[in-house]
Amino acid sequence: MVQSCPEASPAKWHLAHTAWFFESFVLREFLPGYRLFNEDFPWLFNSYYEGFSAFPEKRLRSSFSRPGLEEIRCYREHVDAAMERLFEREPEPEALRRIELGANHEEQHQELLLTDILNAFYTNPLRPKYREQGMGNREQKLRNAGEDARTTAGEDAGATRDQAGPLGFAQFDGGLREAGSSGEGFCFDNEMPRHRVWLESYSLADRLVTCGEYAEFMADGGYRKPELWLSAGWDAVKANRWRAPLYWTETDGMWSVFTLRGEFPLKELEAVPVSQVSYYEADAYARWAGLRLPTEFEWEAAVEGKPVEGNLLDSGNLMPLPPTDLIQNKNATKWYGDCWVWTSSAYLGYPGFKPLDGALGEYNGKFMSGQMVLRGGSCVTPERHIRATYRNFFSPETRWQFSGIRLAT
Amino acid sequence: MVQSCPEASPAKWHLAHTAWFFESFVLREFLPGYRLFNEDFPWLFNSYYEGFSAFPEKRLRSSFSRPGLEEIRCYREHVDAAMERLFEREPEPEALRRIELGANHEEQHQELLLTDILNAFYTNPLRPKYREQGMGNREQKLRNAGEDARTTAGEDAGATRDQAGPLGFAQFDGGLREAGSSGEGFCFDNEMPRHRVWLESYSLADRLVTCGEYAEFMADGGYRKPELWLSAGWDAVKANRWRAPLYWTETDGMWSVFTLRGEFPLKELEAVPVSQVSYYEADAYARWAGLRLPTEFEWEAAVEGKPVEGNLLDSGNLMPLPPTDLIQNKNATKWYGDCWVWTSSAYLGYPGFKPLDGALGEYNGKFMSGQMVLRGGSCVTPERHIRATYRNFFSPETRWQFSGIRLAT
Amino acid sequence: MVQSCPEASPAKWHLAHTAWFFESFVLREFLPGYRLFNEDFPWLFNSYYEGFSAFPEKRLRSSFSRPGLEEIRCYREHVDAAMERLFEREPEPEALRRIELGANHEEQHQELLLTDILNAFYTNPLRPKYREQGMGNREQKLRNAGEDARTTAGEDAGATRDQAGPLGFAQFDGGLREAGSSGEGFCFDNEMPRHRVWLESYSLADRLVTCGEYAEFMADGGYRKPELWLSAGWDAVKANRWRAPLYWTETDGMWSVFTLRGEFPLKELEAVPVSQVSYYEADAYARWAGLRLPTEFEWEAAVEGKPVEGNLLDSGNLMPLPPTDLIQNKNATKWYGDCWVWTSSAYLGYPGFKPLDGALGEYNGKFMSGQMVLRGGSCVTPERHIRATYRNFFSPETRWQFSGIRLAT
Amino acid sequence: MVQSCPEASPAKWHLAHTAWFFESFVLREFLPGYRLFNEDFPWLFNSYYEGFSAFPEKRLRSSFSRPGLEEIRCYREHVDAAMERLFEREPEPEALRRIELGANHEEQHQELLLTDILNAFYTNPLRPKYREQGMGNREQKLRNAGEDARTTAGEDAGATRDQAGPLGFAQFDGGLREAGSSGEGFCFDNEMPRHRVWLESYSLADRLVTCGEYAEFMADGGYRKPELWLSAGWDAVKANRWRAPLYWTETDGMWSVFTLRGEFPLKELEAVPVSQVSYYEADAYARWAGLRLPTEFEWEAAVEGKPVEGNLLDSGNLMPLPPTDLIQNKNATKWYGDCWVWTSSAYLGYPGFKPLDGALGEYNGKFMSGQMVLRGGSCVTPERHIRATYRNFFSPETRWQFSGIRLAT
């Protein structure tokens, strides 16, 4: 039931809201005779759809001690059972489109569940671990890789640093390209329409910026030099007294990093991609490094047609990992996973953008202001959820997501 | 786990903190060989004792998803068992003093548990009831009285209004009086030392102001006339858009009042003392009525030597009730219970006030600034906890307590 | 000395700061033997150049009662005299570039002086007029046009509405275009480099949205329908209780509009372009109208090569005017003046953008976050200051500028 | 026109508001045929009298660039001339009472003018001096004393410290005393009615706490020890990062103190009473010193019948001075002047308090909440203005007044 920052929601709420989505946009419209589980749930678990109903203020979500967890579980079962009945009736095309959207919506909340739990556990003064060691069956085959970060403990820092290898760059030609979804397979409305963009030639780093590299930026006074920052970023540094990424803490001059798998000395994570940085920090780091962040179209053009591979949720690692494959095989750049990468593109509608009809049009479109696009998924994004045209978006000061840095030039 | 306003704490926290008090100030000092239940609890459940340890920010209390409720219950059992062992050893006088303080501390938190749950349930968009109907054994004999408010439902409003009877006044002579505890029986440090005060002759109302009377103040534009308000009170009215007591809501022109026993139409509560008003509202009401609030010394001198009787926690009503006894018997003024009464006295130390030694000196003394004294206990105060010299205190804008109005002249 | 909103500065400060710019970036570097007028002015009148010196918080500018106005005038004379001496010495190219930048900088502050005075006068409870009637010599030839708005007073509203004429659209072909300055003539660093962009075919309205049209949006519940607004815009509506453009006030159901030439009944301004609206309002209006805002590149491509004509500062009107020319002559679309138009483009660096070297690099680059681009100049922009590639930028909630709406489709 | 903190007002506003008081409460009611100077001034220069008219928000006072200073001067002359005419008509008693109130009101604003100018000059990054050296005729006879602080410059610190002499205490018997004005001579409504109070025996320090003594408190970690502070005071220390009195600044480890006569090294002011401290700081200092602050009644009983002597506005010093007389003559305790002393009494109405009738009743009464009483006047209080029963009052966190510390026990 914890809501430890204004952006986060309680786990119980995520469970209820994802069922609510199917009830509200699928069952009530497409399953004849569907009966509400509870008369109040339609507005109680509405997140932000003004066109659907009134809804509680977001900050109140942690006050929902009733309904309790058991009741929410029954709610989910009630909705699941009704969905089974709907499937038996061969739903019409619009129902199927909504169901696909609902499934993708639930995948987004799977990711948020984990980012919100990480924040809740970080805020909890006891700093509990979400996952100690043992992993579920499904992740067994990836276990060895998954335990890498752990086993580096005790090795000396230099060795750890080397794990990441030097930063390389992949070059891409410019020209008239197409961006956005062609409509094959599922996509959100904000990935449409596919449209032409002009790109100049560019290069992208072959891996993400690591914690060790980011620590160098800090050691060089990165958080004390206004000339490295956007004006709004420098204001944020001063107002929030930022000195490091969100989950880094310093004790007696030694930094440690809090993750879903507990707290690690920074030394052990030097080869691991830095995470939980804001756009402002990503931008300042890039300026310090003499480089820049990519645009969302540069990223998309680079990965189009490449397989969706990387340290995603399915690996079971639940935290970024060193790019070991890259060291062994220079062609093994992983474009997906570990951390969403901040792009230098503001989150705006594509030319000719049309939101979905009705209340579902609020899903994405109304947030097209004041936010930046992130691409590529993270260690808590389901593999099946991410794709080349996928646009994530957050305010530039946001830090509670698995957001990192891929440099461009 | 809900913390629905900054003043409130989650129920789980109250359970842990009251055990912590015995552990920290009794067991660790007076039970040889006492072992902590958990190394982190000493600072985790410290509320505000700067001299004891660092402690988490109050607003974070709702983030303690771990330790869970089961663990807190074990903690309480661990502390209880250790207290048993201590009692077997015939504790020394200072230990006994601390135990008595700890028991009184826990009684205070029993009251807060209920006021905080009421706020949490009010904040919950579903507005659940804390108590439906059935009451525990202990309250059976008082049940009839306790159900009074309920049974008035359906009667017409005029009848309900009459239940309270006209407002009478009891007169008291002035002169040189003594106030504060003489030290017989338990008292908090802020009730000491007993000292002389000069009082002019005065009168106190024989019952509290009712919801019906308060509704007249509202209907007469009470919340729209700055001349009735202290300047800071008027600022609070404007800033918070106060239009009624805290748990009153208006729907289609009809007011209802939320209580631990659910929502009542105002009509059914017209004879019931108004509750959950701030000092500013009590003061404005008194000015509107052409009267004033009593000083804490006027109240204390009036009740000294009188029995502790009234609608307190032991009655099991959990909400204020109409002063029915008063109607039947003109001598039956109940000085205690229903609502704490706001006095016009600022909460300051008595002449020669000495806080307790050490960290326990922070219990009361450091709050002697910016708060007003309340007297007399409420419907959620244990009977054994309240007394003539007892000083409660809150900021003048506070509204989440059972705080009401007794007029003076 | 008034600083009536956080974005504005006192007039005296503008006078000092524009002299400071020449002193700091020209005289101190390029005039041998230049002596500071006052040792403290270099940091006192620094606006935001972190790389130059520390500087006072912006909100303190209204506390500079000393130096007084006389001293600031002497400061300007001191700087002017030194500039004369510098010109006598045939300044080197970099000095000339800085001088040109300083002149353009001063033109920007000429505009800000007027927008800030308008805000100061609006905030002043007396609502004084900046200009009654008589105009300076320089504006004499344009006087007749300038008095147009005035002379409409007294005509009936219907006639006034017609003055604007129906909204027409000019069509433009898409394709690969170039945007940004080619480097001929002065430009700011943020207009560079000239680069290719791909545009789809589009249309732009042949005039700005008028106060009369905007009043229809209001009458249709524009400020009460969340579905018309970006999410952040709707938050702004609720938080600031926006119900109309910034300088509109309602008395007894009648709206009036405050301008540098005093207060006008809305009726008299129905054919006049609406001004002082935020990006959020422009965007909501466009959605209500079933259209959209143009991108900055659509605007630039449309006006490239067209003359800089319109109701600019040189007209002396100091407020937007009805597009009378348009009515008389359908080819007379004025692309410049009246109000800056909000574009749907976030203010970001062009591909390959390089800020100026040194502290002057902070002039534009560090603000490339969270702001939207405006184009075209306003009735208080000097004609010589504006051009097709010129990029103005403000936060989307900003309303104190002459910012209006040109629709696109 | 500077309004450098929310509590302060521009000097021009003080000039207008004091004339407004005579116009509003005297001339309009008692001078037949009086004509307003300006129709808008009655509401424009109303400070806070809700019962008189609407009034501008206090924070807007610095936006009144119009009316200009010349116009305000004419307004004052207009009011003065009308007052002359009224005097010629032998005003009725109520008019005379209002005139006397108006004169006392203006004296209060004379003091505020200076405290507000000091704040404005402190806020001005240039830190100008209000008075350099030369003083007006009126202060000539006190000039030598007035220059004392100046002439100590250059002496060594030790000598300076000795100037204050050791702290002595004057003892007073307790008993039943009377407090408040008997009604002879002018008093404000909040000094009435005279009433009985019971006092225990007590002692008061024979001089104020000095800057040197306060610096010891700081050096001993006064601002870092929560146990010395009231809870709200400690919150203020942390929130505002207080480390010293308001106008003290530290440069390279050396403290200096800003006054109306410029900036002094702390060393030169060690024997001077500390000023511009909040109630919280006064209270914390007293606790650190093992003593306490006096109640307002202890102070009043101590000084009743003693002459009004001390470093008041008439001395022309405009800053606190060392208690030199005290050193030379042990009986020379000055009870008045230098700094208002914070008492431990909350500002509340005396028993039977009645505010003045009508809007003038808002003068004092509505502020009786959340403030503490100060007594004795300061170096900017006119001598004729202060008396034994005079009650000043400010919020406990207020620091911009000449407020200091007199210890009690």
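The chains carry the letters A, B, C and D, assigned in the order they are written, with residues numbered from 1 in each.
By our rule, contacts are C-beta pairs under 8 Å (C-beta built on N, C-alpha and C of every residue); 3 or more make two chains touch, one makes a residue touch a chain.
In this text, all values refer to a predicted model and were calculated from it rather than measured experimentally.
J.: Common contacts of chain A and chain B?
T.: Chains that touch both chain A and chain B, as defined above, do not exist here.
J.: From chain D, which chain is the farthest off, judged by mean CA positions?
T.: Relative to chain D, the chain whose C-alpha centre sits farthest away is A.
J.: So the centre of each chain is just the mean of its C-alpha atoms; given that, what is the distance between chain B and chain D in Å?
T.: 38
J.: Indicate the whole-number Å distance between the mean C-alpha point of chain A and the mean C-alpha point of chain D.
T.: Going by mean C-alpha positions, chain A sits 58 Å from chain D.
J.: Going by the touch rule set out above, which residues of chain D reach two or more other chains?
T.: Residues of chain D never touch two or more of the other chains.
J.: Please list, in label order, each pair of chains that touches.
T.: Chain pairs that touch: A-B, A-C, B-D, C-D.
J.: Flag every residue of chain B that touches chain D in the complex, lowest number first.
T.: It is residues 48, 50-51, 176, 195-198, 200, 226-227, 229-234, 279-280, 283, 344-346, 348-349, 351-352, 362, 366-370, 396 of chain B that touch chain D.
J.: Within the complex, which stretch of chain D touches chain C?
T.: Residues of chain D touching chain C: 1-4, 40, 43-44, 56, 60, 62-67, 120-121, 123-126, 128.
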